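One chain, subunit A, links the two complexes that follow: it is found with subunit B in the first and with subunit C in the second.
Here is the complex of A and B:
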């Protein structure tokens, strides 16, 4: 392990540089205020950090979908993928909270949300969902930690309530993913028509599901490569198909919305918004569909990986477009994220990847199946043979 | 019921003297930000400005919506629509998410970006004065009577009357009558000069904007309860299905033995 730590690979060096820069930027942000540390302004009050928050939650979509599939719909074959996706979602939500602390004007007053309630506010719903769902994710992930340290008693207690936790988790995710889209419902006059729609909550929910599956593929591929593990190719290619189904649904409803609400002409206006829209749908929807809809490609590990990267990149672009691109025109201003905003965001991404790697290395994240099989082997198979 | 107060700004009467601008600064203890009010813009130290749009003078300030988006979107309820009409803000509650700034259809709230404990800043329609039965500082300072203070019902009637009496002098619409469900600040413009040309936000729907999110939020209890029943039901069904399959497998095994 020590030798491993001292070995400097290219990505390790990049990571260390980014985190160092990020720490410096963080100190700068909290000592100099938002004026000097961000490109935000009165006419453009939300920027890169808000965009980051939106897509980090979107990328967490695998957590609740895989939980639903394995622990609620009882489709046992996907169980090996449940833990990595819960871990991924947990990390994404923690990153959301970190980004929020940078973005809030008065981060020390964040607890106000717990005692000062406004039920009319979507942001209030978002805040409570984040608090509760992050707790739920921790409880969902706890067995992995408890197993590692052989804390059987606590493990038993958690397993007893796990179904309730899982159901609450799926419900909170449904509320939270969609409500991030609802945040923008109140600015119909400010948003560019290609992104504004009364169906924004549905878009956000569906794309979180499609992207969540892609993230599970991406995470599995990366950890298989890093730790030399085998890849659950059959399972992952099934997830690719599920992802494609939700992508098709997204295409259908988004373009139907354009047709019904007379927005089709905006698809061909030669302005920046149009280019970014097409980039978003080509990367996030059409290219991955071409890959995932063909069995030969989605069962090929390289293509499967490329497809998942495209879906994730498309979702990131979609969240950035929704929260930044779509609001620029009416704000009559420009927004250029500052070097501090960029470096803090990159630091958060690096820390997220690092946390995932660390957890996979030291905790039984990908080993649950083997453990489960051992347990059932002893519990059921033995008397059978006898 | 107490009568709501409001402001009527008639841009045909405004001479651009900037007395409202100065009075506002004094009333709210705001720092001096510019020598020429015409060159200033709304900021954390400026609640109202007078703008020159090709010789047409127009004031910008918080519109004090009847159903304010800032009040509805604030997660901690830092904004409040008072009984008398002014929309006020409590900095002690605010956590700084800036959703109010993003959501405001008129893009009015400003932020103390350089502060380490920043506040949102905007016109509060001299709420303290109004409470005491006084007019706002800006309307009191306005010599030509371009900004007048009064009961909102009276002001609406007055605005309509002015347009009706001199249709050749006024643009035939009142900004603030229906925008986003109506506002407590009304604006009249010169004939031939639309509100777009005066720099007001266009495309604001007629309905109260908070309804757009309320429509979604009110569906939540249904979504959550049906969701819980669906998920619980699915769990029971799929588990039973797996059990039956397992039993069948076991039976088959026993038979083959």
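Here is the complex of A and C:
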């Protein structure tokens, strides 16, 4: 382990530089306040960190979708992908929390929401969903840690209640993904029509599912790249198809909403918002659809990867457009993230990747037991075909 | 322009990573000519059974069992076609050749793990490279002589540990039989991992040895 830590590689050096810069920026942000350290202002209080938070939660969609598939719908063939997806979701939620601490004007007051309940606030729902779902994600991931340290008694207890935990997790994440969309329902007059819709909670939920599947694919490639693992292309290409189905649903709902609410003309107005909207839907919806809907492409390792990258990038564009682009015009101001905001965001990404790598190296994340469970002893009678 | 900045940063990292790997003479898994082949490359569908001779079995109804070549073999050879399938109506015994695999111009025999009578043959996949071994790549439907497979099916307590062992045996087999040092370099690339298509260039003699070692 020591030798491995001391071995330098290109990305390790880049990571160290980014984290060092991030630590400096963090100190600067907490000592000088938001006004001096960020490009944010009272007229434009949500910027890069808000977009990053929304994106990271969107990427976590793979956790609850895989949980639902494997534990609620009992489609066991996807079990080998469940643990890495839960880990990814857990890390994404931790990144959300850390980014929130930087984004809040008074981060030390973050605990207020636990005792000062305001049922009329969307933020209240968001905060509680984050707290509860992160706890649930930890419990979902706990067996991996308990297995590693052979804590069998606690493991048995956790496994007994695992189905309940999974169901609660799916429920909470559904609430949270959609409540993040609801967050923008409170500013209908401020948002650009191409992003505002009363159906925002549905968009957020569906896009989290579509992106979650793609993120599992993307994560599998990154794991294969880093740990020399093989790729379960059969499973991953199925996830690509599921992602495409939810993307189609998104396109239908979104464009129907444009038609019904008379917003179609905004699709052709030559302004920055229109270009960014088209970039978002072409990268995030149309190109991945072309790839994922064709069996020959989604079963091809190169195209499957490209498709997943496009969906993840499209989700990034969507969340940044929703939280930044859509609000800029009515705020009558400009927003350019400061170097501190960029630096802290990059630091969080590096720490997230590092946490994932550490977990995979030292915990049984790619659990082999699940594969074993799938095959019955050959001495038993043949079960029915799935 | 923040969204564009964010996406470009994301793209930049991926592109740089691609070239970093290239400079290290490694390949990204998405663009590998020879993808890594290990246990995590395989996904066995639920309720499918693997036999020692790398034939999968799946019950499709009472008294009917579908069989085909497993993913281990398909990925090891990368391009393999089923040919010479047993004719419908034929009685087969455990160990009889039920079909052959065509690898380039060479043939390799697959042996039935069970006794039974061939009910139907998958003519649609015959002579075509198998891409989905557990779905449209099936070979035969057989009426097994007995539902108690313990009398004729080869045991593998757990597929996970059995597959681990198969990969170890494959590595040993390669180091014993692969005379071409360049091929060994390819097959053992990436820290000792073997790659898909590792068996694609076996000559007739090596194929015979492979059949004896892994398929009998």
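In this section, the second predicted complex is superposed on the first by the 364 of 386 C-alpha atoms of A that agree within 3 Å, B and C clash if a C-alpha of one lies under 4 Å from a C-alpha of the other, contacts with A are read in each partner's own complex, and residues count from 1 in each chain.
Criterion: a contact is a pair of C-beta atoms (placed from the backbone, for glycine too) under 8 Å apart; a residue touches a chain by one contact, two chains touch by 3 or more.
As the structure is a prediction and not an experimental result, all values here were calculated from the model.
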Subunit B versus subunit C as contact partner of A:174, first or second or both or neither: first
Subunit B versus subunit C as contact partner of A:230, first or second or both or neither: second
Which of subunit B and subunit C A:221 touches, first, second, both or neither: second
Touched partner set for A:73, first subunit B, second subunit C, both or neither: first
Partner chain(s) touched by A:265 [first = subunit B, second = subunit C, both, neither]: neither
Partner chain in contact with A:302 - subunit B first, subunit C second, else both or neither: second
Which of subunit B and subunit C A:36 touches, first, second, both or neither: first
Touched partner set for A:10, first subunit B, second subunit C, both or neither: second
Subunit B versus subunit C as contact partner of A:110, first or second or both or neither: first
Subunit B and subunit C footprints on subunit A, overlapping residues: 76, 384
Of all residues in subunit B, those that touch subunit A in their complex: 42-43, 69, 71-78, 93-99, 101-103, 105, 107, 109-111, 113-118, 201-205, 209-210, 212-214, 216-217, 220, 223-224, 227-228, 231-232, 234-235, 238-239, 241-242, 250, 253
Subunit C contact footprint on subunit A (complex, rising order): 10-11, 47-48, 51-52, 76-77, 80, 221, 224-225, 228-235, 276, 279-280, 283, 299, 301-302, 304-306, 309, 312-313, 316-317, 320-321, 324-325, 335-337, 346, 366, 368-369, 371-372, 374-386
Sites on subunit C touched by subunit A in the complex: 2-7, 9-11, 14, 17, 20-21, 28-32, 35-51, 57-60, 65-66, 71, 131-132, 134, 144, 147-150, 153-161, 163, 190-191, 193
Residues of subunit A touching subunit B in the complex: 30-31, 33-36, 40-43, 45-46, 68, 71-76, 103-107, 109-110, 112-113, 116-127, 163, 167, 170-171, 174-175, 178-179, 182-183, 185-190, 198, 201, 327, 330-331, 384
